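Some structures to go through are shown next.
In what follows, subunit A forms one complex with subunit B and a second complex with subunit C.
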Partner chain A sequence: MPGPAHVAESLWGLLADGSLLASVAVSMRRVCEGYAVSVLVGVPLGILIARSKALEDTVGSLVAGLQALPSICWLPLALLWFGLNDTAILFVVVMGSLVSVTISVQDGVHNLSPGYVRAARTMGVRGLALVHHVLLPASLPSVLTGIKLGWAYAWRALMAGELLFVSVGLGHLLMTGRELGDMAQVLAVMVVIAAIGIFTDRVVFGNLESYVRDRYGLGRA
Partner chain B sequence: MRSRARIDPRLVLPVVGVLLFGALIVFGERAIDRSTRAGERPRTRVRLAYFPNLTHAPALIGVAEGRFQRALGPAVELSPKVVNAGPEAMQALLAGEIDLAYVGPSPATNAYLRSAGKALRIVAGAASGGASLVAAGDSRIEGVKDLGGKKVAVPQLGGTQDVSLRHFIAAAGFAPVPNGGTVDIIPGGNADILTLFKQHRIDAAWVPEPWATRIVLEAGGRRAVDERDLWPGHRFATTVLVARTGFLGQHPELVGAMVKENAAIIAWIAKSPKAAMNAANAQLKVLSGKALSDEVLSESWSRLSFEADPNRASIEGFAEAAFECGYAKQRPGDLSGLFHMEAGPP
Partner chain C sequence: MSGGVKLEIESVSKQFATAGCTVDALRDVSLQVAEGEFLILVGLSGCGKSTLLNIVAGLDQADSGRVKISGRPVSGPGRDRAMVFQDGALFPWLTAAQNVEFALRQRGLGAGQCRLRAREYLDLVHLGDFADAHVHQLSGGMRQRVAIARALALEPEVLLMDEPFSALDAQTREELYVELQRIWLEAKATILFVTHNTREAVTLGDRVVLLRRPNGRPSVQGEFPITILRPREIDDTDVAEMAKRIAIAMRDGRDLAELERDHEDPPKTRRLLRGDNPGLGRSIGG
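On to the complex of A and B.
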């Protein structure tokens, strides 16, 4: 088991030869692309499922079923459909995070007080306007939780996806470390992934959430 | 006039964070060599898969020194893909994503049998040998006959070394524990086996190079059997070159050029082993960031031989052994369709 000094040295080595920067950049781009697709598809899908009985019975149960699948299940399919390229990795990332975004949004809209919707309807709000002015703003706190979860799932899925083939990326650095029995490198990459996770959670999502909570009167008692 | 509304810093920080990520992506990706990214494509491409392994030395050398590209000519682009395991390489080949692959005989035979003999042909050999039974230094294991009641590790269930172990212990009159025998077969990754050895959790391991040598040098192991000694003629196939049947039909001349270059590289390896060894190690360093130490490199290299003949008898032996261990549903039967050793379309 390598000590902290050993890990720091490995981290420095990865930084110095440029492989860490390149890997972080490529992995980050993959996560961002997959995550953007997940949010753009997942949020509307969650709202639709929550608002339509027919969709909930059909697509809703499918999504609930897919949630149980770990990302590595998608690897053979991704390989078969897309081949050895970035699209296959993107597919695995989307399949990993889309479902969790959809389910959280769906739950958020489900748990809205029906009073809001009824009041809006009484005032003649229908269709897209109802979604835009009532449903989305009212469920924003849980939508935010959903997309935050989606980010974490996207990272996990990416680590699985990057094992598909050898290309630049954090998942590959992790695997190289493992294959060569270089635990210091494995730990160094784990530190980097955790650091990115903490940064995103605290700086990006943490601030947004605290802002939204305050605006919704959900601040600390 | 109303004073400008104050913007909450909790809205600014996330935006700054996202911008930082964006800058990181743009900046970092610029650092990556442009040549590895998709650019203009020439008319024909040859997609070649190989592993970052010493047993794939002809591929390592052929790609690193541009020999394959030169053999194919300027009108054809060689697109090498590095993969980590045979089953994945074969999946990609079945999906039509790979045209040629350096791969172990077991995954190749499996893919051939699963596709009812349609997917691929073995067009050349590359490496032979390079696997050993390593025993703990303080054990009294001298050979397969001493494995009764022992814990023996293999890299992967159903992998080449696993099949070899099961085949040779059966010949010595033993059986694995789940089948009522006494030999406890433990699957684990090569790196994990090295760790298990250091912790004295296993008695022996059947592993490929360079792991067998690393166990000997780093974990106090002892090489009990060089697998080559168990095979007739002292040789068995470790790596072969396979071609996708569709590609072979369309571009027999390109496959021919690659087979010829493979043979030329193997001849060069035989003539100047030192230079070849270092060239292969240099490419390993490029691919995985780490080169093998000189000690491990030269010892592992001495356990391998490189030959352009795929050694059909040993491949048929492996297929038969895989069936006997229960890894294949039917007897492999005649494998003559698997080999395509003459020039021209299948």
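On to the complex of A and C.
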């Protein structure tokens, strides 16, 4: 087991030769792309499922079922469909986070106090305006929890994918360390992966969440 | 005070299905509210008063009968019938002013105009200084004032109020009774107000209509014109006496004429203060 100094040295080496930054850039691009698709599809899908009994019985049950499937199980399918390329990884990331985003948004909209919608309806608000001006802002706190969870899933799915599927990226850098028998590099990359995860969770989503909770008067989470 | 008929409820009936059997929520209820009138619908919980209000608001459908505003039948919710809910139902993601602006935007007003008018409506409910406060920063009474401002901002033909003060403490409530009478006069509003509190009903209303459900058939079971001089306060002796009469009618179903005979000697205030409202326990909805 290498000591912290050794790991730091390895981290410095990876930084110096540029391989770490290049890997971080590739991984971040992948996770952002996949995550963007998940949020753009998952949020509207979650709202639709929550608002329509027919969709809830069909798509809703399907999504709930898919939740039981770890996202990495989609990799073989993705490789057969898309070949050995970024699209396959993207697919795995989307499948990993889309389901959790959809389900959290659906739950959030479902458990919304009916008072807001009733009040809006008496003011003559309906259709898309109701979704845009009332349903979305009203469910924002739970949507935020949903998309935060979705990010964690996307990040995990990406790492799993990159470990198994050889191409550039942080997961790949981790595997390279293993192949070289360089324990210090393995640990250094693990530290970076965890640091990125913690940064997004605490700094990006943490601040966003506390701003919204403050604004809505929900108190500290 | 009264022009033509503003709101007409024509033999509205509604049933609810519960566990295999149907329950009458409303049986053949007819009611008219004149323009500028402050009408109170009073009854114990479960008498169908909230259901009737929801039907007028368009949030519920009647099984039969019609609701007409200024002569034209209505279906579905619309901003000609604004509603003030028990919990206010203000949008917590907006400030007080933005909540009022939300209503103004539904009327198609531009952004600048909305801001200006929102200020006027907040001033009307004496909350001009709290325009930029978030909903959770306001007290319960302030929230109901904003809710009233929001409803009035729609310039509705009828203002519907569903036990809007029942979640407030007694002091705040009394303050708002005075305020609401002033606002009603200033805004020249037509109000249909639902409550189970007979004191509240007499303090506020021009006319109190009693809903009861003898033999499980909820319908209008009495009408009480209130001629006591305004502004009224809840502890006025006249208010208490009238409230007592309505409370007895609500409980026993005896009409006014019978009551007059029973109470030849006018009861004293002390007695009136006790138990004038049998429905005032913890009742939710109605």
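Assume the second predicted complex is superposed on the first by the 213 of 221 C-alpha atoms of A that agree within 3 Å, B and C clash if a C-alpha of one lies under 4 Å from a C-alpha of the other, contacts with A are read in each partner's own complex, and residues count from 1 in each chain.
Throughout what follows, a residue touches a chain if its C-beta (ideal position, glycine included) is under 8 Å from a C-beta of that chain, and two chains touch if they have at least 3 such contacts.
Quantities reported herein were computed from a predicted structural model and do not represent experimental measurements.
Chemist: Once the structures are superposed on A, label A:22 by its partner contacts, choosing first (subunit B), second (subunit C), both or neither.
Modeler: First partner only.
Chemist: Is A:174 touching anything from subunit B or subunit C once the two structures are fitted on A? First, second, both or neither.
Modeler: After superposing on A, A:174 lies clear of both subunit B and subunit C.
Chemist: Is A:115 contacted by the first partner subunit B, the second partner subunit C, both or neither?
Modeler: second
Chemist: Does subunit B (first) or subunit C (second) touch A:199, or do both, or does neither?
Modeler: In the superposition, A:199 contacts subunit B only.
Chemist: Between subunit B and subunit C, whom does A:79 touch in the aligned arrangement: first, second, both, or neither?
Modeler: In the superposed model, A:79 contacts subunit B only, not subunit C.
Chemist: Return first, second, both or neither, reflecting whether A:99 touches subunit B, subunit C, both chains, or no partner chain.
Modeler: Neither partner.
Chemist: I'd like to know which partner A:157 touches here: subunit B for first, subunit C for second, both or neither.
Modeler: After superposing on A, A:157 lies clear of both subunit B and subunit C.
Chemist: Of the partners subunit B and subunit C, which touch A:211 in the superposed model: first, second, both, neither?
Modeler: In the superposition, A:211 contacts subunit B only.
Chemist: Where does A:39 make contact in the superposed view: on subunit B (first), on subunit C (second), on both, or on neither?
Modeler: In the superposed model, A:39 contacts neither subunit B nor subunit C.
Chemist: So which positions on subunit A get touched by both subunit B and subunit C?
Modeler: none
Chemist: Where on subunit B does subunit A make contact in their complex?
Modeler: Residues 8-11, 13-14, 16-18, 21, 24-29, 31-32, 36, 52, 81-84, 88, 91-92, 95-98, 189-191, 194-195, 214, 287-290.
Chemist: Quick check on the complex: what are the subunit A residues that touch subunit B?
Modeler: Going by the criterion above, the answer is residues 17-19, 21-22, 24-26, 28-29, 32, 76, 79-80, 83-84, 163-166, 168, 173, 175-176, 178-182, 199-200, 203-205, 207-208, 210-211.
Chemist: With touch defined as at the start, can you tell me which subunit A residues reach subunit C in the complex?
Modeler: 115-116, 118-119, 121-125, 133-134, 137-138, 140, 215-217
Chemist: Mind listing the subunit C positions that touch subunit A in their complex?
Modeler: 57-59, 77-79, 81-83, 85, 87, 89-93, 102-103, 106, 134-137, 150, 154, 160
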